[in-house]
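Each of the next two complexes has chain A plus one more chain, namely chain B in the first and chain C in the second.
Coming up: the complex of A and B.
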């Protein structure tokens, strides 16, 4: 295999996994846009969603008497997981956000760290802490067609996941641009008080946004869980998403995608080309350093809004 | 009746600038110090010294460090554990490679090394702030731990990466017993707590608070942001570094990168929140609360009948309670335990009258 081909293969792998990071980052962006909360618990929500789905799948045959391999079971589990995320979103809005209204953003951020601990404990307390596999029916095997034509190994699963991510992002972007709720949401993101004064129900918008973030968490949880197994390490996906956010800017949906692609590609390339020089394992910090250097040039990220400070 | 300023007049500048203006406060403080220095070593058993008092003091120091940065200077940091690791490893290497060096000097140099690392990772604070800065400090957390794990020079080519800390000895005396380690920690903590208190009361501290409250306004009134922010990073990292040294040498007894995980950074942040941002006393209260909470929960849960809870639920319940309490505190009293203490003192001042 030629050098260039190898480079292309690493790059493609990186870009595809970058879309997965973007998927998690999307959850952050949604909540940040609507409520100005930097939701650290997004990773815990991903974990909770995936664990609830797998847990339901395990328990449902016993509860309902359905055969363990019926299609109905999968949909039922999916529905239950979705309902759980919805409930969680409502509970968060009622019990955490509403009492903390008007607090400085740092306080809200720290509340979401507490929330992350709570959700992690809840998920493991209800479903147990053992690692579980998750089967989506798509094998993690190289695509024959691509292998034959270009000689590159591109995983079928990666491509599927990237497709899901792209669909979700496009769907959400359209939803925010053209629907009534989406317009209200953008108004809230612009200015809370102005939005309130023209009659936009803030609490409802928050509930909707957290519910959508829960849905995004479920999708990313399913994909990440199918890839790495449903385990506690899923919560760390949130940490992977942070450099993506920095690069793309906290307020921007396209930024999350572009940031995800940059992080995914550069991370894999760094691991392959810089890794051997320093003994490997650069993946854990490289995106952060990249994001940090990038911030020195453009402090608000690629697509973030420029802020003007007034005294 | 008892707690009242009546009859106490300030007749000199020194009187006016005391840390505890009230005589009753001073008496209580000296009594507390006497209890800590004399009473505890005489009365407490090894379990209390080793598992409770020493870690509370060490974490108080770390929380003080983060409180200076986050509570006073307003720069959110999620990398405190990494600076603790820098301090611990630096002290270990100073003592290993320069055997003539007395350990107090190595401890201080460990703190200074951490301060330098803090300066380096504080540089981005000039351009970025808020959440962006918080994420940038995460870079410090991951990068430093990676460097310490990846380059075996730092751990003296130990095969497991876990090193037993050297025995501390000064002028022939070896610090082996829990009492001696406790006293060593206590001395460090009381010295640096005093230093922190005074720093926050003088021009530097006021500059930090001005930057915290609004950095643009601070720069308009003539505070140079860059040096002030960097100083906050350096001082904070020094405190964290020293706490890391004490953590490694006087508490866990080993030097290992895994001990300084992101989780520890969060715990220190919680100490600051629960205790009270921008309060020296709060750092101590918060550290005590966060260290004692898991121990207390363990005791309560083990007292419950075993069949009542499914296996493994205890640790998860602990996580939930921990997270829940953080949220509860933020909702009920965003200014933390220190504020509750203040309210209690004000109530006491009026007691026994209603107004």
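Coming up: the complex of A and C.
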């Protein structure tokens, strides 16, 4: 295997996992745009979503009498998890966002911290705290076709996950760029008072955005859960998204995508090429260092929207 | 479309007003009493000017009508607002927009990162009459504001103040309103641009039959383009009448038009004097 081939293999693996980071970051970006807050509870939502899915999968045979290996079960569990995320979004809008309207952003941020603990507690209270496996039916084995044609080892699971993430990210980006609701969301992000004045209902926009963030949390929870097991550590996905957001900008959808790819690719490359010099473990801190450096050079992020002074 | 000189606001009100504000009292933050019983009305198809100095309560009045007040911790504690015969003081801004009254906020408030055309389209958010109708309104807005058509793809944040004001008015028009609440459309704009905007307001009023309630510090321009005027001071209406008569009134001339018989006074003098003087309502 040539040096270049090896580089390409590492880069591909990094970009594929980067798409997943992009997906998680997108959940943050949407909420930041709509509610103007860094949603500390996003990680908890990922955990809650994945746990609800596997929890339902466990209990459903007993509740419905379906055979434990029925395909219907998977879809039912998915539907229930989705419904749970939707309910969660509605509850958050009603019980957290609405009472805190007109409060400074710090207050809202504190509220999302509280929310994170609440959701974590709720998830574990309902489903128990033990680690569970999650099987999506896609093996983590090299793709034969890629191996034959390019000589690179690319995991089938990684490719699948990246494909799902890419589809979702593209779909959402197009939705927010071109749909009526997307336009309304961007209007709210720019000036929520003006949005009110033209009759855009803030509460509806919040519900939609939090529901979409819940959906994104479910998808990333399933993918991560399938790789690492459904466990409390899923809540730390929020921390993984932070460097992506700093790189890409908190309010930019393209920024989340590019930031995710950069973080994914650079952490894998750094692990392989810098790791041996410093004794490994580079992957876990490299994105944060990159983000820190970036903060010094371009605090608004790659695609972050500069504040327009001319108003 | 000038009125017969004898018609008073009361007479027109009897003929059925589009908007009726009755004895409105507004409190901010539960303690700050800002409007102390404001009554006014906008007859259908008319342009009504709401005049007054800084802090008189013009914007507050408009926000109380449009429902935007609640988003600013303001509250209507007394009085009522009727639009097209419906009590509207409990409605959300969105519901009022759907009924046909839209506020254009002071300071324009365009969506800076959206293009001019996207800004205009957000104005149609509440409409449910289909794409074709919305496109027709868009064409109409571009007809009235050709400058917006040239800039349709530019981010609003990077267009000039005049263009932003036009964008804000155009955006409100996209809701197909019967009444526009315009807050300080002349603010920070060159006289030429102000004239351009008021000319369009007049045309809209005559051709599309849109009624206007416009808050202005620039009383001269406002009265020249309005049918009626109200003068607010300290949260109260202290004068009202046909625009031409108000413009001819000595007090208004002196305090708002800067045309005192005894020569021009500085703004400072006027403010100082005004504090002692009380108009009889």
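Criterion: the second predicted complex is superposed on the first by the 307 of 311 C-alpha atoms of A that agree within 3 Å, B and C clash if a C-alpha of one lies under 4 Å from a C-alpha of the other, contacts with A are read in each partner's own complex, and residues count from 1 in each chain.
As a convention for this text, a contact is a pair of C-beta atoms (placed from the backbone, for glycine too) under 8 Å apart; a residue touches a chain by one contact, two chains touch by 3 or more.
Note that the coordinates shown come from a computational prediction; the quantities given were computed from them, not determined experimentally.
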Contacts of A:272 with chain B and chain C, given as first, second, both or neither: neither
Chain B versus chain C as contact partner of A:201, first or second or both or neither: second
Partner chain(s) touched by A:11 [first = chain B, second = chain C, both, neither]: neither
Partner chain(s) touched by A:184 [first = chain B, second = chain C, both, neither]: second
Partner chain(s) touched by A:193 [first = chain B, second = chain C, both, neither]: second
Chain B versus chain C as contact partner of A:284, first or second or both or neither: first
First, second, both or neither for A:103, with chain B first and chain C second: first
Touching both chain C and chain B, counted on chain A across the two superposed complexes: 310-311
Contact set on chain C toward chain A in their complex: 66, 68, 71-73, 92-98, 102-105, 107-114, 118-119, 121-123, 125-126, 155, 157-158, 164, 171-172, 174-175
Touching residues on chain A, where the partner in the complex is chain B: 38, 95-96, 99-100, 103, 105-107, 109-111, 113-122, 124-125, 128-129, 239, 242-243, 245-246, 250, 278-282, 284-285, 288-289, 291-292, 295-296, 299-301, 309-311
For the chain B and chain A complex, residues of the former touching the latter: 76, 124, 127-128, 130-132, 134-136, 138-139, 142-143, 146, 149-151, 214-217, 220, 262, 266, 269-270, 273, 312-313, 316-327, 330-331, 334
Complex interface listing, chain A residues touching chain C: 101-102, 180, 183-184, 186-187, 189-201, 305, 308, 310-311
